[in-house]
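Two complexes are shown next, each including chain A; its partner changes from chain B in the first to chain C in the second.
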Partner chain A sequence: MLSLYHEARSPVHALPAGVKLLVLLAAGSAAFLVRSVPVLAAALGVVVVLYVIARVPWRVALRQSVPVLPPLVVIAAAQGLLTGWSTAALVALRLLAVVLLANLVTLTTRTSAMVATIEALLRPLRPLGVRPERVGLVVALTIRFIPVIKEQADQVRAAQRARGARRGTGFLAPLLIKTLRLAAGLGEALDARGVGSGERSQAGSATVRHGPSADPQGDR
Partner chain B sequence: MRSRDIALIALFAAVMVVLGLFPLIELPLVPAPFTAQTLGVMLAGSILGARRGGLAILLFTVLVAIGLPVLPGGRGGIGVILGVTGGFIVAYPVGAFVTGLLTELAWRRYNLAWALLCNAVGGALVLYVIGIPWMAVVGDLPLRKAITGSIVFLPGDAAKVIVAALAAVAVRRAYPLVEARA
Partner chain C sequence: MIDLTGVAHRYGDRWVLRDIDLRLDEHRVGVIGANGSGKSTFARLLNGLLLPSDGRVTVDGLDTRKRGREVRRRVGFVFQDPDIQIVMPTVAEDLAFGLRHHGVPKTEIPALVDRALTAYDLAEHRDHPAHLLSGGQKQMLAIAAVLVTEPAHVVFDEPTTLLDLRNKRRVAAVIAGLPQRVVLVTHDLDLLTDFDRVLVFDDTRVAFDGPPDKAIPAYLDLIEP
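And then the complex of A and B:
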């Protein structure tokens, strides 16, 4: 499964994920307090310069940013008709600057660095029973389950066809029951092997084998 | 929390991703896309219960935030969450939690009618209550306009409530995982 990360060597890529997220949080909050079009236009300019520094090709930047545009255009148009075009410009510029900055963080930060940041953020919650080291395991399991669900869906469909079941016979419920059993079984296997339950166990380095179709580290 | 719970949480986060692969219908005048993913929100709550269901969908929201292209149309990243429709995505875990809480309360006499009610409140109402004001604030729109703009979601959401309720009742019969509350 592809991440939206774009590999390159740049000062923006080199910044720690936590710092980038903090800057995003601060800039995002500030943008909602500013009510001046020139200031927001300047902010948008700064974001564009950051894209250049980060060496993100415009094609990649565009592919990542175009999907967020339709809602933005609708809101700006509604704004223009309802309250005037100066507010529309303000809202559009603000959203564009914040969304582009957020996308830049996404494009320049590895998924693994983000996971590590989340683990670090959760560490203070350890006394409450939160186990930050399990975040990596659960993310890996999720990514592994995606093709498993597809496989199970094909099997359910094939079984229904073999029985000559009419089209439109409940498909979702059998699929859910099948995958629930599979996931519960996998969980019990993990417990039996002590994965993710030991005090110092590192989810990322644990190797789990549970048949070819339920290997949580399979295609990370 | 045992590894079994972790695996179930991961499973429903994956179900959300798979539901996001369904073709996306974007309407020209609606700021948020139609998505099958709210079905996953209801299913997580009504099959796993409040805690596990809420965590599963929270995990999905985290996957969006860390930059995996798991939203319909391969979208993802923090930009989507900070955008106009981000409130709906932030509301997903809350919706799953509320669906799960109501399901746990109704568990002993759970049937299709209760399933419909739990899913409609948790999987639709909660999303509107958080997502629509978010849209109004981020887009600087009057709340009334944001509400009228969101009416188009009602038929699709009604259909998803029914599909999720039918599945939840069938799964309860075959593989019950929720623990009754009170």
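And then the complex of A and C:
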């Protein structure tokens, strides 16, 4: 979901986001009911064929799928040692098929389409006080800011290493402060871009702060 | 036109702006001053991101205290750090975001996004994740996302501080070509040489107000008497 959309013209891209999410949900549930290695292997084969139909280059597919392999190997090995290798094969095939299918949905669906679908699904809950556009915004912001926070974490680590700090020493506090500043700035930016209640305070928007939050120089 | 009448602002017990009485009706107004002189607070008062502790700010007759939402639609705001301003994961989605929240009909949004992508050299990055853009491209996207909503006034808060020389020049060229009223807070004095008016902030007050050929030397005198 981290905005890894891969532009191409394909029947998979053309499918509405709601249909893809529904298929993912159904296939994900079904995978956990199936207890046959050949059937799961065939399902994995179908997912690979879908990648071909979606015209996703193998390099792009690998880049997104490789990070899940190490934990998958660990899980399969643990299952193999504890419950037997046939169960390990079942678990590994099941997880691999579902993760690859989820990645395919990510690669072929724009975030905006995903958000619009989530908003549409939540619309019936509006009488209960749910605000679908707010939920959609939260989903989009989460996708957008995970890499930004990772970048900030890398910066904190690099700064600490440059000053001779050992790995892991006092890492969380500066990252938390940077993230809170980011959140305050983001609130301000959302207001500036026309999102928000329109109600203001003398201290600013979402949070009480002691100056313009988005200003790394601390300018006033 | 932007009017500030008897404006003062404080954070807690600390005053950061005092005695501000200004009418901004020039096409391009620059704002300079040392760190902590009140520039960024001043900028945020102009579109109602902050409300003054004392006094009144109006934009085209709309009081920021009473008509904040309308004011923010009229006054675009470009932040120093584009990373906080870009809220959607990809370039085109971020441009569409502002339009959607300004009530532009859904059917008109794709054409406006396409036009903005071309105008600001972002067409080839249309579906790229925003976090993978260079610093200059991010700032250009942040500016495009504000301008695509066609605000009547645009406030820039140090938009070139994090940029290299080439990108500074690109941003300066965009600002120079804007038909809207521009208020530019900056430390880059060379961006202001052909502005209509420059305000020099010092120690919470406007210390000088005049054309750039007089305001810039006055500022330099302030920091190196």
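Here is the rule we use: the second predicted complex is superposed on the first by the 131 of 220 C-alpha atoms of A that agree within 3 Å, B and C clash if a C-alpha of one lies under 4 Å from a C-alpha of the other, contacts with A are read in each partner's own complex, and residues count from 1 in each chain.
Quick note on the criterion: a contact is a pair of C-beta atoms (placed from the backbone, for glycine too) under 8 Å apart; a residue touches a chain by one contact, two chains touch by 3 or more.
Source: prediction; values computed, not measured.
Once the two complexes are laid over each other on the shared chain, residue contacts for A:Pro70 go to chain B alone; chain C is not touched.
In the superposition on chain A, A:Glu188 makes contact with both chain B and chain C.
Shared-chain residue A:Tyr5: touches chain B and chain C both.
In the superposition on chain A, contact of A:Glu151 is made with chain C only, not with chain B. Of the two partner chains placed by superposition, only chain B is touched by A:Leu100; chain C is not. Contact with neither chain B nor chain C is seen for A:Ala120 once the two complexes are overlaid on the shared chain.
Touch criterion not met for A:Ile53: it reaches neither chain B nor chain C.
By the document's definition of touching, neither partner reaches A:Ala165: not chain B, not chain C. In the superposition on chain A, contact of A:Ala26 is made with neither chain B nor chain C.
In the superposed three-chain model, the partner touching more residues of chain A is B, compared with the other of chain B and chain C. The interface of chain A with chain B overlaps its interface with chain C at residues 2-5, 111, 137, 141, 143-144, 148, 182, 186, 188, 190-191, 195.
Remark: chain B residues 2-11, 13-15, 17-18, 26, 29-32, 43, 47, 59-60, 62-63, 65-69, 73-85, 135, 138-142, 145, 149, 163, 166-167, 170-171, 174-175, 177 touch chain A in the complex.
Chain A contributes residues 1-5, 21, 24, 28, 64-65, 67-68, 70-72, 74-75, 78-79, 82-83, 87, 90-91, 95, 98-103, 105-107, 109, 111, 114-115, 118, 134, 137-139, 141-146, 148-150, 170, 172-173, 176-177, 179-184, 186-188, 190-191, 195-197 to its touches with chain B in the complex. Chain A meets chain C in the complex at residues 2-5, 7, 110-112, 137, 140-141, 143-144, 147-148, 151, 182, 185-186, 188-195, 198-205, 209-212, 214-220. By the touch criterion stated above, chain C contacts chain A in their complex at residues 9, 11-12, 14, 16, 35-41, 43-44, 47-53, 64-65, 68-69, 72-73, 76-77, 79-81, 83-90, 93, 96-98, 101-102, 126-127, 129-131, 145-146, 149, 157-158, 161.
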